[in-house]
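We call the chains A, B and C, going by the order they appear; numbering starts again at 1 in every chain.
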Amino acid sequence: MIAFENLDVRYGVASPPALRGLTLSLDQGIVGLLGPNGAGKSTLLKTLLGLLRPSAGGGTVLGVPLGAPEAAKLRSRIGYMPEYDALIEDASAYEQVAFWGELSGLAPEAARDRAHEVLYFVGLDESRYRSVSGYSTGMRQRVKLAQALVHSPELVFLDEPTNGLDPDGRRRMLDLVLRVHGELGTGVVLASHLLGDVERVADQLVILDKGEIRAAGSMAGLRRALAKRVELRFLETLDAAQEAALAELGSVLEARGGLYDVELAEAEPAAVFRWAQAQGATLIQLTPRHDRLDEVLLRALHGAPAGSEA
Amino acid sequence: MIVLDRASLRYGPILGLSPTSFELPDGGGITGLLGPNGAGKSSLLQLVSGLLPPSGGEVRVFGEAPFRNPAVLARIGLVPEGDRLPAGLRGDRWLSMMGALSGLAGGPLQEALARALETVGMADRAHLPFVRMSKGMRQRMRLAQALLHEPRLLILDEPFNGLDPEARLGLMDLLRRLAAGGARVLVSSHILSEIAQLTDRILLLFRGRLLAEGSVLEIRHLLDRHPVELRVAGDPKALARWAVEQAELAALRLEDASVVLSVRSPRDILPRLQQAVADGRLPVHALDPLDLNLEAVFQYLTQDHL
Amino acid sequence: MPIYAPTLPPAPDLTRGQPPALVLMRFDLARLWRQKIGRFFGFAFLVTLLVKLSIIYVKYLLGSNPAFRPMQDFARAVLAQGPDFQAGLLNPATTLLWFLVALVGGGLVARDTLYRVRPLMYAHPVRPRDYLLAKVGFASALPFAVLLPFVLLPWALSLMVAGLQGPVWPTTPLRLLPAMALISLLMGTLAAGASALAATPRAGVGWVLGLVLGTSTVASLVHGLAGIGSAEALNPVVLVQAWPALFAGVAQPLLGWVPTILGTAFHVVLWTSLAARRTRPSEAVI
C-alpha cells in the first residue's frame, strides 16, 4: 500500500526536514498512526497526497512513485477525513458529499447516486437532506467519513475520527472503520491520540516522533508475547495472605485493580489453577501477557531506538 | 466523603441531573465518572465541587454542603474542563496568583508552588508563558493549581481531552500517584478505554441518572441477565464435551484452538472448571472473560435502559 | 438467483467528471440560488431595465409620431442619442451591481475559510489555480450576466421598432460587450481578493465595500489636493464608468485610455495575486 525508502521532506530548501529518513513498508490493511502533536503526521499526509515533494529518497503510494508527475492523480485515489470540522455548514449532507465526489472526478449523475449510497453506508438516513449545521457530533463525523469514501478510494486517511464522540458513537465509528477495510477493501491509515481506538481496529502500527519513525510494523510483531508472563484475575478480591502467596507462582510485577501481572516460575498454566484451588480462590482470567500498546509507545519514544520491522 | 441524597440539578427547564443518591466512602483511590455526552457528568461535578447548589435534595462533602462553604472548598481541588489560560502570562505567575486567591502568601505560597510544580513535574518549565507550552504542559499547570492547597478530594473534568498519547499516559501516572498518596480522585471522561486503564471503580451516569456505582467486576455480576462469555483456550473438543454437561451453559461457540462459553452464573461454573483443570482432567492454557470489561458493562447498562 | 451484499457497489468511473473549477462554480451558483438574495436584486435590476426600455420606446414615439413634433426639440436636448446615451445604457445598473458583487462575492472565498474546507479541496484533485479560476470566474461571470440584458434588450427593442435609425446604435453591443467584460473582471477580482482577506462571509462583504470606498476616497483626495486628474484611475467606481464611455467614444470621457488601462490592470493584478497568496495550499492547515 505504502512504501518509503529513506524519505526526506522539507517545507523549504533551507528549512530542516519535517520528515527524516522514513523507511517504511505497509501492507493493505488498517494502519494505526501514533505520535505526539507536531510529530509530522500532517506532513506525512501532505506527502501522500502529492502536495509536498520528497527532498531526498522516495517511495511509492498505491504503486505510484512520489514526486512523479502522475502523483497528483493519486489524490483521486485517496480519501481524507480531516480532524477538524471541515463541513459546508449551509449545505445538506447529501449536497456536500455529492460535491466532494464531483471534485474527485465523478460525473454529476454518478456523484449523486454515489452520495446516497455512501450516506446509507455510514448510517445517515433521513437527515441527509437537512443542513448539517443542526447535526450532532456523531452525525458530523459520519458526513466527514462519507465524504472521504464517496469516490471509492483505495486508501483513506482518517484523522481522529472518534474525536468528541461518546462511548456508543465511538464504538459505531470504529465498527465503520473496520467495515471500510473489511467490506470495501479500502486501506486505512488511522491517526489517533487514543491508544484504545488504535488497539481495537489497527493491524499495523507506525509511531512517529519529531519527523522520524520510532517503530513500525504489524501489531502482532510489535506487541510481543512476553514469555512466562500472565495476567491473573480472580472472582473475589484476594486477601492479604493470598496476595502474599502469589509469590509461590513466580514474581508479581504489577498489581492494579485486581489484575495481577505475574512472571511464572514454571510455564505450565495448570499450575496456576492448582495454586488457586489450594488457596481457595477462583480464577476468572488467565491470559498470556503481551506488550500493551502504551508500553510499545513509551518504549518507542524513549527506549532503545526500535528498528523498523515490516 | 461524598454523599448525595436525592440531589438534582436543573438549569431553568433544562435537566442537568435527576435526583441521585450515592455515597463515596473516605480514603484514597480513583473513581471514574462515565457517561455519554449530556449524561450529567459536569452537573454532578459542579454539585460536588460546590460551584452550584442542588435544585433539590442534599449534597454533602466532608460532611457539609459544599456550595459557598470555604471550609469544604479549601479541601477540594478542581480542574475544570477546557484549555483556556491567559496566553501571554507566565505559568508560575498565574500559579502564584491562584495561590494568593486561596489565601496563601509569602513563604507558604512559595513552598506550595514549589511542591505543586514538583508533583506535576513542571518545576523547570513553569517560567514559560502559556502560549509556548504544549497542551499537556498546560494541563499539568492546571492540575498544579488544584494541588496548591493540598486537597483531600481532587476533581478533574475531562482532563485527557486533546492530549497526545504520551501526555495522557503521563497524566494517568500522576493521578495514580496522587491517589496512592491518600487523595481521592474523581475523574470524568467519555472515553471508556481511558477510565479502564486508570481505575476499575466507576460511577456511571446516563440520561441524567446514576446507573451504577462500584467496581466493574461487581457491576458485571449484578447484570445477570447477560450471560458471561468466557474464552477457554485448550483442546476445543474436550472442552466442549465438558461444557455441555454443565447446567449453567447457555451457549457454546467453537473456535480454532478455543471454545467460547456463554455461562449464566460464572460463580458456580468457574470453581468446577478450576477443579477439573487442577485435577488434570481438562487441558486449559488460558481463560479470558470477554465481557467482564468496562466496555461491555457500559454497553449492557445503557442498552437495558434505552 | 443471487443475493446482493448490502454494501457499496464497486468503484465508480473517476474519469468522467467535470473540471474542478466548473464543479466549484456550479456549487457556488447553487448556493446563490438557495440564499434567495437574488429576489431584491432581481427586482431592482428589473425596474432599472424597464425604465431603460421605456425611455427607448418614448424616444421612438417622439421620433415617429407627428403628434409629438413640437416636443422633439426639447426631447433632443434631454434624451441625447449620441455616445453618452450608448455608454449610459449600463449606468445605474453598474452602481447597483457593486452591492450585488459585494454581497455575493464577499463570501466566495471567506466562506471556505470559515468552514475550513479549502484544505480538504486541495486534498482532492483541485489545484490552487483551479480554485482561483473558479472564484474569480464566478465573481466576474455574475456581473457580466446581470449586465447582459441591459445591452442586448434595448438594442433588440431599438432594432425592432426603429431599425437601423433607432436610438441604440446597431454597433452598440460590439462596443459595450468588451467594456462589460473588463468591468466584470475588475469587479470579480476585487471581490475575490477582498473575500480572501476576510475570515467570515459577512466580513467579506465589508471588505469589498471598504476597499471600493477606500480606494475611491484616496483617489479623490489625491485628485482634489494634488490636482492630478488621472489619480482617479485608482478609483474602481470611476474605472467602471470610464470603460463604457471610452468604448462608446464619448467626447469628454472621465479618464483617458491610458490611465483607464493602467488603473484596471493595477487592480486586477493586485487583487488576483492577493487572492492567490491567501489561498495557497501551504496556508492550509491539513
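Methods note: a residue touches a chain if its C-beta (ideal position, glycine included) is under 8 Å from a C-beta of that chain, and two chains touch if they have at least 3 such contacts.
Every value quoted in this text rests on a predicted model; they were computed, and no experiment measured them.
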Chain centroid nearest the full-protein CA centroid: A
Label of the chain whose CA centroid is most distant from the centroid of chain C: B
Separation of chain A from chain C, taking each centre as the mean of its C-alpha atoms, in whole Å: 49
Distance between chain centroids, defined by C-alpha means - chain A, chain B (Å): 24
Approximate Å spacing (C-alpha centroids) for the pair chain B, chain C: 61
Multi-partner residues of chain B (each touching 2 or more other chains): none
Chain B-facing residues of chain A, complex: 34-37, 137, 164-171, 193-197, 199, 233, 235, 257-258, 269-270, 273-274, 276-277, 282-288, 294, 297-298, 301
Chain A contact footprint on chain B (complex, rising order): 34-37, 39, 134-135, 162-169, 190-194, 196-197, 199-201, 215, 217, 266-267, 270-271, 274-275, 277-278, 280, 283-289, 292, 295, 298-299, 302
Residue numbers on chain A that touch chain C, as the complex places them: 11, 42, 45-46, 49, 51, 72-73, 75-78, 80, 82, 84-91, 95, 99-100, 102-108, 110-111, 113-114, 117-118, 121, 147, 149, 151-152, 179, 183-184
Chain C residues touching chain A - in the complex, by the definition given at the top: 5, 7-18, 20, 23-24, 27, 30-31, 34, 111, 115-117, 119-127, 281-282, 285-286
